[in-house]
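After this come two complexes, each holding chain A, first together with chain B and then together with chain C.
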Partner chain A sequence: MPNIVIDDREIEVPAGTKVIDAARQLDIMIPRFCYHVALGSVGACRVCAVKFVEGPFKGVQMSCMIDAKDGMVVSTTDEEAVEFRKYVIECLMLHHPHDCPVCDEGGHCLLQDMTISGGHGIRRYLGSKRTYRDQYLGPLVQHEMNRCIHCYRCSRFYQEFAGYRDLGVMQSANRVFFGRYEDGILESPFTGNLSDICPTGVYTDKPSRFIGRRWDYERSPSLCINCSLGCHTVASARYRQLVRQEARYSEEVNGYFICDRGRYGFFYASHEKRPRRALVEGEEVAYHQAIDTVREKLAQISGSAGPEAIACLSSERSSLETQAMLKRVCQNKNWSGPLFFMEQSLAEKVKTATARLEPGLTVSLRELEQADFILAVGADPINEAPMLALAMRQAQRFGGRVVVIDPRPIFLPFDFQHLPVRLHEVDLYLSLMIKAAVDRETATELGPSAAEFYQTIPTLETAAVPLQEQIATLAQELRGCQRPVIVCGTEVVPQTTPALAADQVLLLKAMDKQTGLFYLMPGANTFGASLLSGDDGSFSTTLESIEKGKIKALIVTERDLFWKYQNKQRLERIIEKLDLLVVLDYVDSETAQKSDVFFPVSSLYEAGGVFINQEGRVQVAPKVYLGGTPIKQNSGGGHPPRVYGVGIPGSEPRPAWQVVVEIGNGELPPDEETAFATTRKWLAEGNPVFANLPPIDQFPDDGVRLGPALDVGSRFSLDWQTERHPKRNSDGLELILVDWTFGTEELSIYSPHLRQVEKEPCLSMHTSDAVRLGLSSGDKVAIRFDGGRVEASLCVAENMASGVIVMPRHRLLEWQKIKELPRIVRFEEIEKVSV
Partner chain B sequence: MKSAWEAVAALATGFATTFKHLFRKPITEEYPEYKRPLPERTRAVIILTRDPDGGERCVACYLCSATCPVSCISMQSAEREDGRRYASWFRINFARCIYCGLCEQACPTSAIQLTPYFETCERDILKLVYEKEDLLVDHGGKDNEYNFYKYAGVVTKVGDKGAHIKEAEPVDIKSNLP
Partner chain C sequence: MLPTELRASLAEQIASVDHPRELLVDVMFAVQDHYGYLSDQAVEEVADLLGMTPLEVEELATFYTFVYRHRVGKYVIHVCDSVICWMDGHESLVEHLERKLEIKMGETTPDGLFTLLPVCCIGYCDRAPAILINKKVYGPLTPEKIDEILAKLQGEA
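Take a look at the complex of A and B:
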C-alpha cells in the first residue's frame, strides 16, 4: 500500500491506484476530460497535469497515467502545473465553435468549467477553426462534432465498455472524428450515456434538446421502474414537466450508466393524454365525490353479496406503500386479495426466487461484474434488463466466460456461448453442466438430500450429441473458476428452474467458490409483491369467480389488465360482468378507459416511493416535483396563461396509497414519513424482515438489502424421476411470449422517442422449422389463434432452439388473441400471407 | 440706526436677487410637456433587438434569466426548422424589474438591451408583464453590427459548416489525403 503526499497531505492507497484517484480520495479534484473512473485512463487530453516534486517521476506529468508509488510528493497547485494546464485548455479551445449560448451542454459543461477556472477568456489564435459535418444518430442523441476535444470517452464507452461497434473513431491527427460510418440510428440500447460522459456538447440529449438549462431544472435523485434492476437516476423537471433523466452513480446497482429504456422511459409522467381528473362512468367529477360514490357502491355490494365479493388487484410497478396499504385495507374490510400476479405460475416462480435469495448467495449487479463465469438460464439480458447485459459485458471484458441456456435467439454485445435448448430442457442442461463440474464428494458433504439430488441428475449422455462436448469443456472451465454466478430468469422458465438454479449455486458454493445467484423478475417491485402476496388465489381463479358472479367489484391499482394477459376477449367479458371496476392509475390504459370509477394517481416522480429490486434491495425514490399539467400543455405552446390562481392546474392526482386508504374509509396519515413509519410497523408484524428498514428519510444511497425474506423451504427437492420430458412436438411449435428492450414495457411505450427506436415486431423461429414450413426471413406470416389471426413478419434465426416460436408482447402485435397458455402452435395454423 | 440700514440692505439684496431671476431663462423642465432626451445608455425598459439581417437575436440561452437578481425574466427556448434556436415565448415582469442591466451584460448575442424609455406606469399591474411581442423591436438597438450566427459554428440558414467567420472547410472523414 503506497503512501503518497498530495498538496502536503498524506494518503495511503491500494497499489495500482492512479494519482488522480488518490487525489480524489483526499477531495482534491484534479481537472480531467478523458479520464473517467469507469473507462480508465488514456492520457489523451493532458489536462490532469500535476507537478511531481519527489519520487520516481519528476516534473509535470499526467496524474491519470501514473500509479501512486511510495515516496511520491505531488503538487496540484504548483505554478508550472497550473501554467501547463492553462495552455492545454487554450489549445483545446483553438477550434471551439463559439456556440455555448445555443449548446445544451452549457451550464453543466466540463469544458466550460475548465476554461473558466483555467482563466482562458480571450482567443489569441488567429487561424481558422476546424469544422466537421455532423451525423444523424437517431432520436436520442444529437451530434455536434465541432465541439469535440478528442477525449475518446465516447468511443471507449461505446466499444470497449458496452461492446457495440457502430460508433467509433475515424481519421487521423488533427482531423480525428467520432461517429458512425454513415448516418443512422445507433444500435446500442445504452446510447443515452454518451450525453452523460461527453465532457462537452458533442453528444447532447435529444429529447430534452433546447428545453432549458441545468440550473433551472427541479432535480432530484430517483429510481428507474422500467425493469426489476432498480437503477439509480436523476430526474429533472421544468415548468411542471418531467424533461430529462440521467444516470446517477450507484456503488451497488448500476455504476455510472443506465440503459435507454430507463433513461427515456419517463414520458408517461407528463404525457398529454395522462388522465388528471377523477371519472365516474366517464364523467369528470371532484375527487371527493368519486370517493363517496365508490364507498357507497362498495358498501352496497358488501351488504348484498358479502365483502368477499370485492376483489383487489395490485401491481408490480406500485410502490411498497401502495401494495401494503391495499393489503391492509383488504384485511380490514375482509375483501378478497390483494392479488399481485396475473398468473399463478409466475407468482410461484417469483416467490421461490425471493425465498431462495439467501444471504451469502445474493450478488448485486456490480458484484456480478466481478464474476469469472456467468451462467444465464432462461434470461435474455438485453431484452429483459439491459443493464444486466452491460454488467455481464464487464465480466466478459475482464476474462469471464458467459454462457446462456435459453431457447430464444439471444443477442449480447460480446462473445458468449449459447446453448439454444427448449424450455423444458433448460433445467436438464443447467444440471448437466453443474454435475460435470461438481464432484460427487462435494455434493455428499451437503447432506443426504443433496447427495440424492446429485445422484439423480441424468448423465451427460442425455444431452444432445452436438452439445455434449461443449458442455464438458464449459464444465471444465466452471470447475476452475473462482467466482461463478448463475443468472436465472423467472418469466419464461419452467416452474422448477428458480429453485433448481439456487440448488446448483449451493453445489458450486460447496466447491469453495464465491458463488452468486442473480434472479431477474418481471417488474420494478415484484420482490415487494412476492413478499406481500398470499398463497391462495391467482388472477385466473378470480376471473372464474367473476364469471360465476361471486365477485362483483374489482379494484385495480396501477395495472393494465390487458397489458400482460393473453385473452383479451375474456377480460372484456368479465369487465362487462362486473358491477364495479375501480381503477387507480397514472396512465390512460385500456383498463382505465373501461373503468366505472377512475382515480388519477401521482407518478413516481410526484409521489416518490419505496421499491424493492430483484435482489431484495429496498430503495427510496424521493419526490421530484409537485405535479400538475405541464405549462406547455395548458398554454397551448405559447407563453404561459396570464390567469393567476391559487392552485396548480392538473394537480388532482394524489399518491395511490392515499386513494386506497380513502376508499377503505381509513384515516390518512398526516405526512409521508408517518405513513411509511406506520406501514413499516404493520409490515414488520407480518414479516420481521421489514423491521430493519430505516425511516424513509434515513435510507442510505444504495438502499438496504433485505435479509432472508421468506422461508427458504426445502432445498434439493427437484425430483428428476417425475421431471417430465415432453416428447418433441412433431406437429407444432411451442409458443414463447417474450419481452423486448423497446415496445413491450408498459410505461416506456409512452415515450415518443423510444417508439422511433423500436424494432418492427417479428416472430422468430429456427431455420429448420422455417425450411419445413417453406418460410424465410422477412415473410409475412399469420397464425390462427383461438381469438383470431395474428399477423407479423418472420425472423428466421440459427441461434435459437428448434421447435419453438418466439413472439414479443409488442404493443403493435395483437398477441392477446392467443387465449390459452401454454400453447403449441400447430404447423397448419401458420400460414404465409402474400402481400 | 446702523442696524436698520443693514436690515434694509439685506432685504434689498435678497429681493434684487429674486427680481434678477425674473428675467432669467428657467432651468426647470416641465415634464410631461417637455421630455428631456436621455443618454443612450440610460437603463429603463428592456427590448429584444434584431441582428442586421433582420433575424431575432435572442437564442433563449437563459443567461439573462439566470443573472436577473429579481427573477423577472422567463422564457422557453425552441428550435426553428433550420436549426436556429429562438425563444418560443419570452416574458419580463416589469413590475418586478429593477433596471439593473445585468441581463444586458450577460447577453452573449446583444439581443436584450435596456432603452431610455421609462414611461411604463400602469394602474393594472398585469399590464406590466411584457410578452415577447411587446419586447421585440425591428432594429439592432445600440449594436447594429453583431450577428451571433455568423460566428457560431452551428448550421442555420445564416451559414453551413465551414461558412462562418474564420472557419475552415469541413473535414472529409472518408479521405486520408492531407
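Take a look at the complex of A and C:
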C-alpha cells in the first residue's frame, strides 16, 4: 500500500486511491467540481490542482487523475497551485450569471464555496457572456444552463452511472450544452440526483423552488419508506410543511443516490387533505373523547361477544414500535391478531425469506454492486425497488452478468438476459441453471438432503425446455464467476420460490464462491411485520369471521384495506357489517373515510421510527419536525391567523403507537426513548434477535443487521417440484398483478409532482396472445371481471412470457373488481373497446 | 422520409458491423447528403436506423463542424480560422467574403447559394489563407481569386 505525504502529513492508502481521495482521508478537502467519488475522475474542471513536490510526478497536476504512489510529496497550499486554482475558478466564473440571490442552489452551492475559497472576488472579464436557452425537463428538475461550469457530472451520472439515454452533452467548446434533445419529461426514475450532484444551480429541485434556503429548513436525516430497501434521505421542513428530500450517503444501503419515488414520495405528509382531527362517525371530536368512545365501544363488544370479536390489522409501512405495540395490546387484551398481511401466501413467502436470510448469505445493496453474476428471480427492480436496478447496473458496468427469470416485460437500464417464463416455470428454470453450474460432488458434500435435492432437479438435456442453449451458456458463465448473487422477489413468485432461491444459493456457495442472497419485500417494514406475525389466522379467515358475525370490531393501523385487495365489493360489505371500524392513519385513505372512529397519526417525519429493511437491517429515522398544519395552508398565503390557543395548529396527530397503547388502556411511556427501550425489551422476550439492538439514540448510521431472525426450517425442500400450479390454460391468460415505479405505491401517489411523471396504466400481453385476440398495442381493451369491467389500453410486448396478462395495481385502474385470485382471464372475457 | 433504397443500403451497412454506433458519422453524412443538411427529422431517422436515441445522435451531430443542423446554401464556404491563416490575411478575407456575399459569418445568401462558416485548421497552412467549398480546398487566396471562384460557382449553379 502506497505511502504518501500530503501537506506534511503521511498516510497509507490502498493502491489505486487517487490523491484527491487520499487527502480526503486526512480531512483535507481539495476543491473539486467534476470529481465525484461515485462517478470517478475525468479531469475536466482543473480545479483540484495541487503541487507534486517529490515522487514520479512533478509540478502542478490534477489530484483527481493521479494515483497515490510511494514517495509522493504533495502540497495543496503551494503558492503555484493556489494561484493555478484561482485562475481556474476565475475562468469557470467568466460566463456565470452571478444570480446567487435568486438561485435555489445559493447557500449550498459548491461553486460559491470554491469561488470564495479559491480567492476569486473581482470580475475582470468585461466581454459579453455566453447564454443558453433552458429546457423543460419535467416537474422534478429545473434547468438553468447559464450557471453551468461544464463539469459533466450530470451527463456522466445520467448515462454512465444510471444508464438512461435522454440527457447528455451537446455542442462543443464554449457552447457545450447539457440537456435533452428537446423539451420533455426526463425518462429516468433517478432524475432528482441531478439536483444533488450538480455543483451549481443548473439542476435544482423543482417542487421546493421559492420555498426557502437550506438554512431556513428544519433538516434531519430520515429514511425512505416507499419501498423495502430503506434508503437514506435528508428531509427538510419549513413552516410546518415538508418541502424537500435529498439523498443521504449510506455506505451499506444506497450509496450517494436515491430514486425519484423515494425523493418525491413525501407529499402525503403535508397534503392539504391530510386528516388532522379525530373523527367519530364523521364528526370532529377531541382526541381524548375519541379514545373514550373507542374504549367504551370495545368494552361493550368484548363484554357481549368476547375479546376475540375484536380484530387488529397492522401494516408493513408502520414502524416497529407501532407494530410491536399493537401486538402487545392484542395479547394483553386477548383480541384477535394482529395480522400484518392481507394475503396469506405473501405472508408465508415473506416469512420464508426472513428465515432464510442467514448470516454469510445476506448481501446489502452496496455489496450487490460487487457481484459478477446476478440472477434475479421474480423481481422487476425498476418497478418494485428502483435503487436495486441502479445497484445492478453498477455490477453490470464492471463486467457482471445480469439474468432475469420473470414473466413480465422487464426493462432495466443496461444489457441483461431475460428468460421470460411463466410463473410456475420460474422455479424450474432457476434450478436448471444452478444444476448446470454446480457439480454433483459439491452438492453431495452438503449432506444427503442436498444430494437428493440436486438429484431430483432435471438436467438440461432431460428437461428439454425452450431456451435450453441460452441457459447452458449462462450456466457456464455462472460456473466461472466468483461473486454470484440471487435476487428473489416475494410478490409475484410461487410459494416455493423464496426457499428454493436460498437453497440454490447454498449450492453455489458450496462451489467456493462468495455468494449472496437478496430478497425484495413489498413494504418498508415488511421484515418487522414478518418477525411479529403469528401463525394464527389469515386475513381471509378474518373476513369470513366478520361475515359470520364472529368479529365485530376491526382496528386498522396505517393501512388502506382497499389499496391492495382484489375484491372491493366484499370489503365494502364487510365494513357495513362491522359494528366498529377504527382506523389510525396519516393519509385520507378510502378505509379512513369509511371508519367509525378515526385517529390522525403522525407521519414518519413527525414521529420518527424504527424500520427493518428487506435484508434485516434495523434503521432509525429521527424526527424531522414537530408537525402541524402547514402555515401555507391555514394562512392562505398571508400572515398566519392570529388566534389564541396553546399548541401548534393541526398538531393533534400523534405517533400511532401512542394511540394504540391508549386504545388498549395501556400506560403510555413518557418519551420515545423509553418507548423504544420498552418495545425492545418486550420484543427481545419474544425473539432474542432483538436483544442486541442498541438504544435508539446509539444506532449506527447504517443501522444494525439482525442475526438469524427466525428458525431457518428445512433446507433443500423438494416442495417446489410438487407445488400445485395453475395448469397452462389454453383458453385464457394468467393474470399477474404488479407494481410500477409510479402510480401503484400507497404513499407516493399523493405527490402531485409524481402524478405528472406517471405513465398511463396499461395491460401487457405477449405478441402471440395479442395476435390470437386480434389486438395490437394502443388498443383500448376491457376485461370482464366478476366485479365489473376494467378498461385500459394495451401494450403488446415481445419480451415477456406468453400466456399471461400483466396488470399494474395502478391508482387509475379499478383492478379491485377482480374479486378472486389467482385468476385466469379467459379469452372471451377480453374485448376491444371501440373508441 | 428517406428513400427506401438509401434506407435499405444504410440498414445493410449497419447490420454488417458489431457496434452500429461506430457508423454514426457515416450514416449522418449519407443522410445529410440526401437532405442537404441534418434536419430534426433526419436526426430522428438516423437514431432509428442505428438503434440510438435522438439525443445520442445530437451529441455527435452538434460536435462536428461538417454536420449541418441548419439549412445551408448549395455551396458551404468554410473559412479556415486558425493561426497560419490569421497571419496570412484571414481577416481581410472574411471581410471581403462578407461584403461580396452581403452576409455575415454563419449566414446564408437569400438565393440559397452560399453559406459562410468558420472552420478550425484544415491543414492547408502551406496554402494560407485557405477556404474549403464543398470539400474542395482553395488557396492561397486574394480578393481577386475569391471573386473568380464565386463567379464561377454562380455560373455553375
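Throughout what follows, the second predicted complex is superposed on the first by the 817 of 835 C-alpha atoms of A that agree within 3 Å, B and C clash if a C-alpha of one lies under 4 Å from a C-alpha of the other, contacts with A are read in each partner's own complex, and residues count from 1 in each chain.
The rule we apply is simple: contacts are C-beta pairs under 8 Å (C-beta built on N, C-alpha and C of every residue); 3 or more make two chains touch, one makes a residue touch a chain.
Just so you know, these numbers come straight off a predicted model, no measurement behind them.
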item: Which of chain B and chain C A:G121 touches, first, second, both or neither; value: neither
item: Touched partner set for A:R180, first chain B, second chain C, both or neither; value: second
item: Which of chain B and chain C A:G645 touches, first, second, both or neither; value: neither
item: Touched partner set for A:G106, first chain B, second chain C, both or neither; value: first
item: More chain A residues in contact - chain B or chain C; value: B
item: Touched partner set for A:Q171, first chain B, second chain C, both or neither; value: both
item: Chain A positions touched by chain B in one structure and by chain C in the second; value: 170-172, 177
item: Contact footprint of chain C on chain A as seen in their complex; value: 165-172, 177, 180-182
item: Residues of chain A defined as touching chain B within the complex; value: 97-102, 106-107, 127-134, 144, 146, 170-172, 175, 177, 179, 209-213, 215-216, 239, 632, 635, 637-640, 642, 644
item: Interfacial residue positions of chain C with respect to chain A in the complex; value: 43, 52-56, 58-59, 62-63
item: Touch list for chain B against partner chain A, complex; value: 59-63, 65-66, 76-79, 85, 88-91, 108-109, 126, 129, 131-132, 148, 151-155, 161-162, 164, 166-171, 173, 176
